[in-house]
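In this document, chain identifiers A, B, C and D correspond to the written order of the chains, with residue numbering beginning at 1 in each.
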Amino acid sequence: MPARRAKIFNDPVYGFVSVPKGLLLDIIDHRYFQRLRRIRQTGLAHLVYPGALHTRFHHALGALHLMQLAIETLRSKQIEITDEEAEAVCAAILLHDIGHGPYSHALEHTIVDLHHEELSNRFMAAINTELGGQLDLAIAIFTNTYHKKFLYQLISGQLDMDRMDYLNRDSFFTGVSEGVIGYDRIIKMLSVHDGELVVEEKGIYSVEKFLMARRLMYWQVYLHKTSVVAEQMLTHTLKRARELAENGDVPDASPDLKWFLSQPKSAQDVNDPDVLSRFARLDDHDVSIALKFWMQSSDQTLRYLSTCLVDRKLFRLEWHQHPVPGEYKYEIEALVTQHAPQDIPLNYLIFTGSASNQAYNEAKEPIQILFKNGQVKTISQCSDVPLYTQLITKHFIIYPKIKTQF
Amino acid sequence: MPARRAKIFNDPVYGFVSVPKGLLLDIIDHRYFQRLRRIRQTGLAHLVYPGALHTRFHHALGALHLMQLAIETLRSKQIEITDEEAEAVCAAILLHDIGHGPYSHALEHTIVDLHHEELSNRFMAAINTELGGQLDLAIAIFTNTYHKKFLYQLISGQLDMDRMDYLNRDSFFTGVSEGVIGYDRIIKMLSVHDGELVVEEKGIYSVEKFLMARRLMYWQVYLHKTSVVAEQMLTHTLKRARELAENGDVPDASPDLKWFLSQPKSAQDVNDPDVLSRFARLDDHDVSIALKFWMQSSDQTLRYLSTCLVDRKLFRLEWHQHPVPGEYKYEIEALVTQHAPQDIPLNYLIFTGSASNQAYNEAKEPIQILFKNGQVKTISQCSDVPLYTQLITKHFIIYPKIKTQF
Amino acid sequence: MPARRAKIFNDPVYGFVSVPKGLLLDIIDHRYFQRLRRIRQTGLAHLVYPGALHTRFHHALGALHLMQLAIETLRSKQIEITDEEAEAVCAAILLHDIGHGPYSHALEHTIVDLHHEELSNRFMAAINTELGGQLDLAIAIFTNTYHKKFLYQLISGQLDMDRMDYLNRDSFFTGVSEGVIGYDRIIKMLSVHDGELVVEEKGIYSVEKFLMARRLMYWQVYLHKTSVVAEQMLTHTLKRARELAENGDVPDASPDLKWFLSQPKSAQDVNDPDVLSRFARLDDHDVSIALKFWMQSSDQTLRYLSTCLVDRKLFRLEWHQHPVPGEYKYEIEALVTQHAPQDIPLNYLIFTGSASNQAYNEAKEPIQILFKNGQVKTISQCSDVPLYTQLITKHFIIYPKIKTQF
Amino acid sequence: MPARRAKIFNDPVYGFVSVPKGLLLDIIDHRYFQRLRRIRQTGLAHLVYPGALHTRFHHALGALHLMQLAIETLRSKQIEITDEEAEAVCAAILLHDIGHGPYSHALEHTIVDLHHEELSNRFMAAINTELGGQLDLAIAIFTNTYHKKFLYQLISGQLDMDRMDYLNRDSFFTGVSEGVIGYDRIIKMLSVHDGELVVEEKGIYSVEKFLMARRLMYWQVYLHKTSVVAEQMLTHTLKRARELAENGDVPDASPDLKWFLSQPKSAQDVNDPDVLSRFARLDDHDVSIALKFWMQSSDQTLRYLSTCLVDRKLFRLEWHQHPVPGEYKYEIEALVTQHAPQDIPLNYLIFTGSASNQAYNEAKEPIQILFKNGQVKTISQCSDVPLYTQLITKHFIIYPKIKTQF
C-alpha cells in the first residue's frame, strides 16, 4: 500500500497496529465490525483464565498487523503483490471472522441455525454494497477465486495470519506462556513457490514449534476441562430455554435473543435481511443478561443451570480414553439422582460427549518447505521428529459436584 | 501464613497467583466476589485501548499477589506479621473494591445514590456473617482500627498494593508501556519504621518513577479524551433515562437496573438488605444491554446517545486550560443547533466540565524514605527533582462531530 | 530458610534474585565463583546470536532463584525440607558448574586434560575448607549420597533447576522465543513421591513443551551451524597451538594458558593445588587475547585460523544425514587445495564429524507423572503424542568459503 | 530502500533486525565494525547488573532497526526521503559509535590521547576509501553538512535513534524496568516541520517519560555507586600502569595496550595509519587480560588495585551534595593510612570527584512539539509538569572498605 496517514491502535501483543486511512479504516468503523468488540475470542475460557477477555475485534486487528508484516516480507523477496492486492488481502483478513456470533459453539448447536460461512458471505456482501463495491477483490481472495492462491493461503491455510494471531493472542491473554509462537520468525521465513505459500528451510524448527504450541493450546485452553464444562453447561441451558419456548413459555431475554429462542428454525433464513440484522445485534451481553434473567425463572432446571453459570459453580468433568461405558454412566446417574432436586431431568445434569484435536492434518493441506536448492517437501518429510498429525479424541462425562453443588 | 495447598490462578501480568485453600479461597468463591468478574476495571477505556477489558476480579487477585510479596519482604526484615495478620491483610486487599458497581463514575452521578465506602462495609459485613466472623481482623485492618498501622497502609496508602497492581495491570492490558512500574523493586524496598510503612533509600528513583507513571496513566488512559467523552456520554444517557423514568416512562432494562432508574433516591438505603442484593446483581452487562434496548427507544435523545455509544460514534472533546468561556460555548451551541435533530435538547449534546489529577499529595499523606542511618524524610525532601505534587486541572467541552455524527 | 536480610541481584530474566546473607552470599563472593563472571554460558554462540553474552555466574544465580521457588512449592505440599537442607541444596545448585573453564568443549578436547566432574569436586572441597566445612551437606546432596534423593534430582535430573534456568536464560538472551519454557508452571507442579521428584498430572503439557523447547534449543542454538563451525575452528586453532608448543615453539599467550599449551598432559594432575589454581585463573579473556596474539604468529596456519575467528570470517558447514562419504570429502579437498595457501595443511581447513541430541532419554532417567489417584507413570506412558526420545545424529563437513575466504 | 534480500540478526530487544544485502551488510562485515563485538556498551556496569554484557555492535544494529522504523513513519507522513538518503542515514547510524574504544572513559583520561570524534571521522574515512566512496552521503549527514537537517537529528539530537536504542537496550539487559521507554510510540509521533525533527502533540507524555527514564538510567545505572567506583578504580589502575611505564618499567600487557601505555602522548597522532590500526586492535579483552597480568606485578599498588577489580572487591563510595570538605577527607585519610599497606600511596586508595547529569538541556537543543494547528512549541512550553532540565551534580569520595579490604 502506498504510504498514507494512519490511525494507530494500541495492542499489548504487538505494541501498535497501524491502519491506513481509507478502506481498511472504513471497515473497522462499520457497525458490523464494531460489534466484534462485544464478542469474546475465547468464549467462556475466562472462567479458567481470568485474563482471556479479549475480543474478536482485537484479534482481527492483530491478524491485520501480521498480514502487513507478511506482505512486507514477501515483497522483499521479489514476490509481486500490487497495492490493490495488498489492500484487498488486508480487508479480507479483517473480515475473516465477521460471521461469528456470541459463543458460537453453544448457540449454533441450540438456537441459531445459520451456517457460519454463509453468514460471513452475507455480511461481506452487505458491507461491500454499502462501500460501493470496494470489497470485490477482497471477496475474490477470501473465497479463493482469485488466481494468486498464496493470498488466499495467508487468510486460510495451515500457517495463515488468523491462526498465527489467535495462538499468540490467546496465549498472551491467558498467560499460558507455552503457547507463545515465534510468529515473527515464521513470517520472515514465508515465501511463494509455484504460486503457493511455502516456508524456507531455516523455518523448520519454528513450524514444528508452532504445531506443538497449537496442540498445547487446544488441550490447555480451548479444551481445558473447565472450558468444556462451561460450554456444555451453557449449551444445555440454551437447549432448556428453547425447549420451554417451544412449549410456549418463552423465557425472558433481549428481543433478538428471544426471537432466536422462539422462532422455528425454518424461519432463520440467512438471505432475509431482517434475520441478518437480528443476528448482527446479538453479542455476548445478550447471553450474559439472559442467564441473569433466568436465575429468577420459574423453571427449576433453567434457574439451576443459569445460577451455576453466573456464580461459577461449575460441574466436574472426567476424561476417558474411550467412550464412557454405560455402566459407569449408570453409576453416576444413581449418585446424582440421590442428591439432585427432583424436578431437574437427568439429561440436564449429566452430559457425555467427546472432544478432538489434530494439530496438523497433512492430508488436508500440507505445510511446504522450500530448500535452498529449490526443492519443496512437506514438513513431515523433512522433520526429524514425529509431528502432531494424530487425531486425538477424548471422551467426557460431566456432572455436578455432589457435595457443594446442591 | 503456614504453607498450605493452594489454588493457582493464571495471570499474564505476574505468571501465577497462588491462593491458599481456606478463608481466602472461600472469599473468592463467594457470589459477591464472583460478580467482580463482570465489572471491568477501567470502565469504557477499552473504547480507546481495545485490550483493556480486564476486571476488578483479576485486579483483586493481582493485589493479593503483591500483598503476599510484601509480607514476605517485610518478614525478611524482621518486621513481625503473625499468620493471622497475614491472612487478614490478604483478605482485606481481596475485598478492598467489593463495593464497586459497574461504571461507578457514570452510575453514581446519575441513578445510584449509595456511598461507595458504605457499600464496601456492608458487603464485608454480609460476607463476614456468612463466614462466621472470620473477617473480623480483616475488617479492623481495613477500617484502620487495628494497632499496626502499616498493615492498613499496605491496603490504602500512597504505595498500597491496590495502586501498585492497578497501574501495572492497566498498563499491561492497555499496552501503554510507559505506565509500567518497577513494582517488584518498590516492594523489595518497603520497610516499617515507627509502625509506619517506609521505603528504603535505594528505592527513591523507583518511587519517583512510580509517581511519574501514575501521572502518565491518568492523562494517557483514565483521563484520555476518548475515555472522558465516553463516560460523559454514558452519564448523560443514564441521566436521560432517569428523567424519562421520573416522568413515568421507565425505559426498558434489566429488572435491577430498572429499579435504580425509577426509585426515588430516598428508597436507596444501603442498610436495606434488598437494596444491597439488587446492587449486588448489577454488573456491566446490565448497562450494556440497556444501551442496546435504548437504541429502539421512542425517545429520540435516549435513542441517539445509546446508538452513538454502541456503534462507537463518539463526540469530540476539546481541552481548555481555563473554564470554557461563555461566548465559545455559545458558538458551539449555535453550530450544533444548526445540524442536530430538533428534538434533542442541547444539554444532551454539549457537555462542559473538568478533570483533575494530582499524582502525589504530600500534604495528605507523605511517602516516607528511610535512610541507612535511621533518618526518615519525605520523598520531596530527598528527591533532587520536582515531583508531581501539583494539582492539574483541565477543562473540557464535548460536542458531536458535525460532519459525521448527524 | 529463616527470613534473613538479603542481597538483591538484578536479573532481566526473573526480575530479581534475592540471596540471603550468610553462606550463600559467601560462596558468591568467593574468587572461584567470581571467575564465572568471565566465562560465557554459551561459548561462541554470540557469533550467531549477538545477545548471548551471558555468563555462568548469572546462570548460577538464576538456578538458585528457581531452587528457592521449588523449595517453597514443595514445602507448601507438606514435603519436609529443613532449613539446613534448603540452604545446602541452594549452595549445591550455586556450585553445580564451578568446575567449568572457558570454552569447555574446545579446550577439553585439545589442551586441558582434566575431568570436569573431578574439577567440580576439587573446587567445592577447596571452598569447603576455606568455609570451615559449611558445605558438607551441600556436597553430600551434590554427590547423591544424601538420603533424600529428590534434593539431588533438583540439581541433576531431567527437570533440574540447572536445565530449567539455562533453557530459559539462553532463550532470553539469544532472542529465540521458541525456547521459552513455562518454568514457573513446571515448578508449581513438582512434588515428591516415594522420595523421588515427580510432576503432578496437570503439568503434562508443560513437560512435553519443555522437551520440545530443549530439542529446539539444541538445533537452533547449541548445534546451530555457525556455533558448530566456530567451535570446530577454535578447537583446531588450539590443536595447532599445542602442536607448535610440542615442537618447542610455544605461541604467545597468557602465562596460565601457555602452561596448559606446553605442559605434557601427565603434568595436569587435578590434585596438585598449583594446577587447580592455574585452571582457576583461566577464563574467556585468556582465549580471546591468545587469538589476537596469534593473528601475528609466524605460523601461517595459526595466523589464518585466528584471524578468521577474530574477524568472524567463518567457514561453511554442510549437514549430512549419514557420515560424509569419502568421495565427497575428496572433492572438497581438491577444491580447497586449489585455492588455499600452500602452507596450511588440509586437516586444518576441512573438518568432519557429527553432532547428536536426544531431548529425553527415558531409559536413563524417566520423568515421573503423579496422578490424583496416587498412581505414578512415566511421561511417555501418559503423553498422547510421541516424545523426543530419539537420538538424532547429524554429520558435518566444514570448509572455507572459497570465494571470500582466501 | 527498495525491497532487497536481507540478513536477519536476532535481537532479544526487538525480535529481529533485518539488514538488506549491500552497503549496510558490507559495513557490518568490516573488521572495524566487527571489533565492536568486543566492546561492551556499558563498560563495568555488569559488576552491578550482571546481565549488562551487551556490546556496541548489538547497540549499533538496534539503532539501525529504529532508524528503519523512523524512515517508514516519516515517509508515511509524506516527508520525502529518497532511497539514497535512507541508505545513507542507516549507514551513518551504524557507524555513529565506530570511534569508541574499550572502557572509553577510563582509557581516555589516562593512556589514550585521541579525540573520540576525530577517531570516528578517521575510521569512517578509512572504510569509505575501502568501499570506493559509497559513504560520501552518510558522512555528509553524519557531519551535518547535508541540507536535510532532520536526517542529522535522527543520528544526533535530543531524540535520536542512538539514545532511543541505548536507553532501551541498557534497560533490557540490566533488568531496570523503570528505564523502559515507549520508543515505538515516540517514533510513530515523529514528523518534520520546517526541515527539523518534531514530535506530534500526542507524543508529549511519551517524551516526558523518555526524559524521566533517561534521568533514571543515569543515576540507577551509568552513575550507580558501584559503576562509578569500578570506573574510578580502573582509571587509577591505568594511571599507575602509565606512571610505571614512564619510569621505564612498562607493565606486561598485550602489545597494543603496551604501546599506548608507554608512548608519549605526542606520538598518538590520529592521522598516523599505524596509530589508527593499533587503536582498532584494542578491545575489552586487552584491558581484562592486563588486569590479570598485573595481579602478579611487582608493584604493590598495581597488584592491589588489579586484584580488587578482578575479584570484585570494590571500594566504598559516599555521595555528598557539596564538594567533600577537606577535614572529612583528612579523616578518611587517617583511617585508611592506619590500615592500608604502607607501600600504596594514598592517592591510589582515596579518590574524590563529581558526577553530573542533565536529562534535558533545552538551551542546547530543544525538543519541538508540533500541534494539530501547525504551531510548534518546545516541550517545556507545553508540558504541565517540570521537566528534568536541572543539571544535577553529586560529589563523591571513594575509599577501601576497611574491614574487608586489607
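The criterion applied here is as follows: contacts are C-beta pairs under 8 Å (C-beta built on N, C-alpha and C of every residue); 3 or more make two chains touch, one makes a residue touch a chain.
All values derive from a computational prediction rather than experimental measurement.
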Does C-D or B-C have the larger number of C-beta pairs in contact?
C-D
Most remote chain relative to chain D, going by C-alpha centroids?
A
Per the C-alpha centroid definition, the whole-Å distance linking chain B and chain C comes out as 49
Report the inter-centroid distance (CA atoms only) between chain C and chain D in whole Å.
31
So which stretches of chain C touch two or more other chains?
15-16, 176-177, 185
Contact footprint of chain A on chain C as seen in their complex:
176-178, 180-182, 185, 205-206, 208-209, 212-213, 215-216, 219-220, 384-386, 388, 390, 392
Per the contact definition, I'd like the list of chain B residues that touch chain A in the complex.
9-13, 15-16, 29, 31, 34, 37-38, 46, 48-51, 53-55, 57-58, 61, 172-177, 254-255, 281, 285-286, 288-289, 292-293, 296, 310-312
Given the complex, residues on chain D that touch chain A span 3-6, 8, 15-16, 18, 20, 75-78, 184-185, 188
